[in-house]
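Structures follow.
In the two complexes below, subunit A is the common chain; its partner is subunit B in one and subunit C in the other.
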Partner chain A sequence: MNALARHRYHRAAPVVLVLLLLALIAGIAAAVSTASSAEATTATADDVTEGQKLFAANCASCHGLDAQGTDGVAPSLVGVGAAAVDFQVGTGRMPMQASGPQAIAKRPQFSEEEISQLAAYVASLGAGPAIPTAEQVDPALGDAANGMELFRTNCAMCHGSVGGGGALTQGKYAPNLWETTPTHIYEAMLVGPQSMPVFNDANIDPEGKRDIIAYLKAQDEGSPGGLRLGSIGPVAEGMWGWLVALGLIIASTVWIGARSS
Partner chain B sequence: MGARLDSAAAGTANYIDERTSIGGFVKFFARKLFPDHWSFMLGEIALYSFIVLLLSGVFLTAFFVPSMTIVEYDGPLATMQGVEMSEAFASTLHMSFEVPGGLLMRQIHHWAALLFTAAIVTHMARVFFTGAFRKPRELNWLVGFTLMILSLAAGFSGYSLPDDVLSGNGLRIIEGVTRSIPIVGEYISYWIFGGEFPGEILIPRLFTMHILLVPGLILVLIALHLFLVFLHKHTQYPGGGRTHKNVVGLPLFPVYTAKAGGFFFVVFGIVALVAAIFTINPVWNYGPYDPSPVSAGTQPDWYILFVDGALRLMPGWLFDVIPMEWEIWGYTLSWNLLVPALILPGLFFGFLALYPWIEAWATGDRGEKHVLDRPRNAPVRTGIGVALITFYVVLVMEGSNDIIANLFHLSLNDLTYFFRIGIFVLPALAFWITRRICFGLQRKDRELVLHGKETGRIVRHEHGEYVEVHEPLTDEERWVLIQHDDIAPLEIEPEFNDRGVRRKGYRWDRFKQWLSRIYFEKRISPVTAEELAEAQEHGHH
Partner chain C sequence: MSTTENPTEHGPEGSEKQNGFENPGLPYHRPRRADVDPKADKKAERQTAALFGVSIVGTIVAIGSYMALDMTDEIDSIRFVNMAIGIGIFLAMIGIGLGAIHWAKTLMRDHEMVEERHALRSSDEAREGAIQNLKDGAEDSGLGGVKRRPVLIGSMLTALLAAPLALLWPQIGNMGADWNISNFGHTMWRKGMRLTRDPDGTPIKASDVTIGSAFHVIPEGLNELEHHKIEEKAKAVVLLLRLDPRDLNLQPGREDWSFDGIIAFSKICTHVGCPVALYEQQTHHLLCPCHQSTFDVANGAKVVFGPAKRPLPQLPIAVDDEGYIVAQSDFHEPIGPSYWTRLHDTSDGLHADDDTEGSSH
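Then we have the complex of A and B:
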């Protein structure tokens, strides 16, 4: 029997094949997703016109055709800037899924191009914060230690010590920040969406904002101590202590205490 | 080989015995009998997790620096580079990230601490619900209770040692609570912290408390606890041949030495496994202590969470009318701290500590008890126990209200309003439901004794009647269901004697009768011999 035929029947062969298949799928997915996200964004007059059309079709029912807002329903968008649009629409919070204590992040409804067109239109209505550049939000350029000190003084009381999220009053909440992109984190600080206060450049300077992003992105590495149980503090630890540690041990007492006869 | 080993062992034993006469003790202990049941091992979990705590704690003291001197961090952790911190915090980071196995040891120590307190509470619940605290074991209940309080002290002092933001906030709350004590609070707080909070001497003081004072006391009390267990002999669950005057079980050697010895490694193994998989107290997330920041999810470890919950539950204004903070001659009296953090835990723990005496006194039952109650046969006690647990759980849930609100998308405010009512209603409801369940189970027991087990076999008689065949219980099974005492409520002398003169001490007697009625007014009596004979007669014809 030749070598290939022998190896074909090796016990590990199915596992190796499955792993190869998975690697192939993951490789294709990675290639496709990088290809789609590598698009440049520069606003032109065309964008503003396109954005206005999109706005009239998707946003005007609440914010008004001239984006002046509707009392008690939606705020005016004059002067909120491109950053606010990129954050709200880019994280899927707008258009709002349902009215509730606060808008919920969901899969974005528009493509990146459409979002930039909407942003260009809203920015053309009045001066407001712009979308930060890639360099402004690059975590590699930030100082994570300074970010830690800024984060825990300014952000941790709502978002938790490492951005795991936390509750606010009346059903509102500060979301988990681990999945949020650096650009969106930066924009949220600039515009202060929903319950969040605005952290303008006098409050936390652009370098400070980048340091905070660096600190949050440092959490991507996970916890050196193992699974982090949501990083929400001792309540989760206590529950796991009771359920897992004590639960396993009590199960073993029942096993040990069972009569052998 | 075997013979050589035997003679070596015998020689060593003899050598020691000739010089210490220890053989008698060994024989005494080895032959000591213990009844067998899994729930008797709950206290062992606490003991073994304490041993794990001592072992891992010794490792940690080798690297921890109990000092509040400020240093600048210079280690492998990127998020702490150049940050100012106390030596306590810096050494905690050092032992976590630079000492091989250090982080695992820290996590073993902390998980073991959570397990230690949880096992104590579980063990205490077993003792409570089975009535194992009754005479002659009331004093040992008190020793155990003190151990529970000491475990809280050990836990809290250790939790505060790394000098991180999370534990510092906990200490700040303790300081506030201390200061709420009228007149002396301020002085006590200054005395604890050596001046204004946080001061510079707290960590060394907590260190001494955590590694010397509290564990020393715990060790002494564990010795006393176990000595009393030996002295009283172990309680046993009801069963054939088991009475208040004997112990039915297996000898310590070889059965329990093997079981208990093996069980230690089970406990250590599970703690090590959990510590290797799950992060606990990631102080590097919280950062070095600084009095200004407080992050979301700031809570103490679970065993102190009920105090946090009580503080969160307490309204600042009662019904929006009565302020809970009074100003008297320029001094502040903070009921909103005093009530939830001192008075309430004081009453709760006081009741728990004194329960053996409360029950003995209320029921008037003064006999020695070595056979345990089945919880259903003491419906009021079981109800009280479940009500206490419910009360405690409501406080713990309120202490975690932000986590619950966030996880289940609820309103934090509504949760607090719910628990403010729930703290009164839910324990009462729990008591009532539990008592009903106990009565139901007792009735089921009676049914079983009188009519036997349902077999599911339906037989049709010649005349057309269908009956289900019931299988009578074995003597062993029946004994368990009918052995318990049937105590009637206290009967007292009438208020007036035959000459119409009012009796002295009548009111007191009436109070005792009232208490006794709470326990025994409503009861399901166990099946008597006559009832059983009658039922069997009935079944046979």
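Then we have the complex of A and C:
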């Protein structure tokens, strides 16, 4: 402690303080921003039997051999449709690595072909939402301005006003949507995976869904306001204000007050 | 007031006690390197000049960026130009500030100064003079003393009291003619009014609302309002959800307020009125983003976490002949923060305080 007290007047102290703060912030930011994406898939109802084999080998331990689900462990998959399979398996959320507050997106475990086979099998169990066509999810055909209005009414409370994601309760969170493929965004609205509610075509029609995708993809152009800081709202911005700005003020105060050597 | 420059350079001279304490005197004065070493002095001078140089460069960068960089409609280019100008202005300002402080710290005299406090009390002559001035003023103006001027005093007081009205009257007048504050306890929902989608105002069929759905709802006709549309929307917004009917525990007295698992709650938090709309479909929890109040939709939206004190008001709904979802009535209790419920009991005997006990935290 005495050594520290002696060195606080060292002329390098303000610089060291600022560098430490910046390193801390960069470390936090790096730890927070991990996202993964997956290639879009276009499943066609082809090999249901292949899909059934894959299902029995990889999914049945939780969802049951007949996909009826297990109470308290995994839901029934009858009637969830191909879109749910393409979303959950295509974003790597399923098969789940470990049980936790929510399934986490990771590198998909199956090839596109295998995903489409699995989707075909699950779709054969009962009618459910199909995987959207490339035209349905093409952001170039959507109206980003209308998408913004729909997004801010229906999605922004969880995913943030520009899709940066946000926290929910008990360790759950709404993910960042910038890396998510248009097909997966569309499918998530259709099926309402995990904590997310369902936004069926009667709620947000297919054109509206495409407009939302166009709005999210318009965020790739960058933020007119400068650094996004994760776009997760006043907490992140406040942290920068407090740590960086206040740190700089304290550092310069220490420097101004310190005696020259 | 006297300023003496460091009369005792090396510690206390005498050891007389003041208020029981010994005057420790000034600490040992350690000369700076620039004071004793001409090289260090030169170096500090160069450093200061360099800092002012940074400022000059910053000015050039700012002006140069403004003139030379091309700003197009692309967000990236706008941001780049603004950033360049901003960094230039930052350097121009910080360079002057750092240079001035560095100059003062390294090159200007750093001897300790002692400035003695003078007595706070003014001299007796000055105090008497001030009081005499006040008395003379009162005498001259006619407020008191020999020649009082009651007409002047009266007209001045009237003018002073009336003048604020010129500011207040239009302000209060602008607030509108409706001073019935019980209106704040009600929303525009009426019996038979359809629930429509926010923002386009299209009606919602019961069959549209599949299990797990969340619809953001405004009252029918809200978009056609000519006055107070935003105010009415802020009071009347509703979240329409459909749960598996097996998961939904209907509250006593509200068995017919929902339809086959479709249930509607006010979106305005009962804590301080933020829109509660973070719906977790699996746990049926509704989370308020402002202070993390959490409401359990499956159990009458009672509070399961956070600072809110009462459940979200439920909008009684039904389905009309064409299959559209309609309201049975307005909310049976005031929406939003609990303030209004303290003013009066609610209409149908459903007291707003009923289920607050034990529901907070």
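Quick note on the criterion: the second predicted complex is superposed on the first by the 199 of 261 C-alpha atoms of A that agree within 3 Å, B and C clash if a C-alpha of one lies under 4 Å from a C-alpha of the other, contacts with A are read in each partner's own complex, and residues count from 1 in each chain.
Methods note: a residue touches a chain if its C-beta (ideal position, glycine included) is under 8 Å from a C-beta of that chain, and two chains touch if they have at least 3 such contacts.
Bear in mind that the values here come from a model prediction, so they are computed numbers and not experimental data.
After superposition on subunit A, the partners subunit B and subunit C are seen to clash. When the two complexes are overlaid on their common chain A, residue A:G226 makes contact with subunit B and with subunit C alike. Once the two complexes are overlaid on the shared chain, A:G72 sits clear of subunit B and of subunit C alike.
Once chain A of one complex is fitted onto chain A of the other, the partner contacts of A:P14 are absent, as it touches neither subunit B nor subunit C.
Of the two partner chains placed around the shared chain by superposition, subunit C is the only one that A:P197 touches, whereas subunit B remains out of contact. Of the two partner chains, both subunit B and subunit C are touched by A:C158. In the superposition on chain A, A:E149 contacts both subunit B and subunit C.
Partner contacting the larger number of subunit A residues, of subunit B and subunit C: B.
According to the touch criterion, the shared surface of subunit A, contacted by subunit B in one complex and subunit C in the other, consists of residues 149, 153, 157-158, 166, 168-169, 174, 223-224, 226, 256, 259.
Those residues of subunit A that touch subunit C in the shared complex are 149-150, 153-154, 157-158, 166, 168-169, 172, 174, 192, 194-200, 202-203, 221-224, 226, 255-256, 259-261. By the touch criterion given at the top, residues 32-34, 44, 74-76, 78-79, 82-83, 101, 105-106, 110, 197-199, 204-205, 207-216, 241, 275, 277-283, 285, 287, 289, 292, 294, 305 of subunit C touch subunit A in their complex. Interface residues of subunit B facing subunit A in the complex, by the touch rule stated above, are 36-42, 44-45, 73, 78-83, 96-97, 103, 107, 111, 114-115, 118-119, 122, 165-166, 259, 262-263, 266-267, 270-271, 274, 276-282, 284-287, 290, 292-303, 305, 399-403, 405-406, 409-414. Subunit A makes touch with subunit B in their complex at residues 101, 143-145, 147-149, 152-153, 156-162, 164-171, 173-174, 215, 218, 223-229, 231-242, 244-246, 248-250, 252-254, 256-259.
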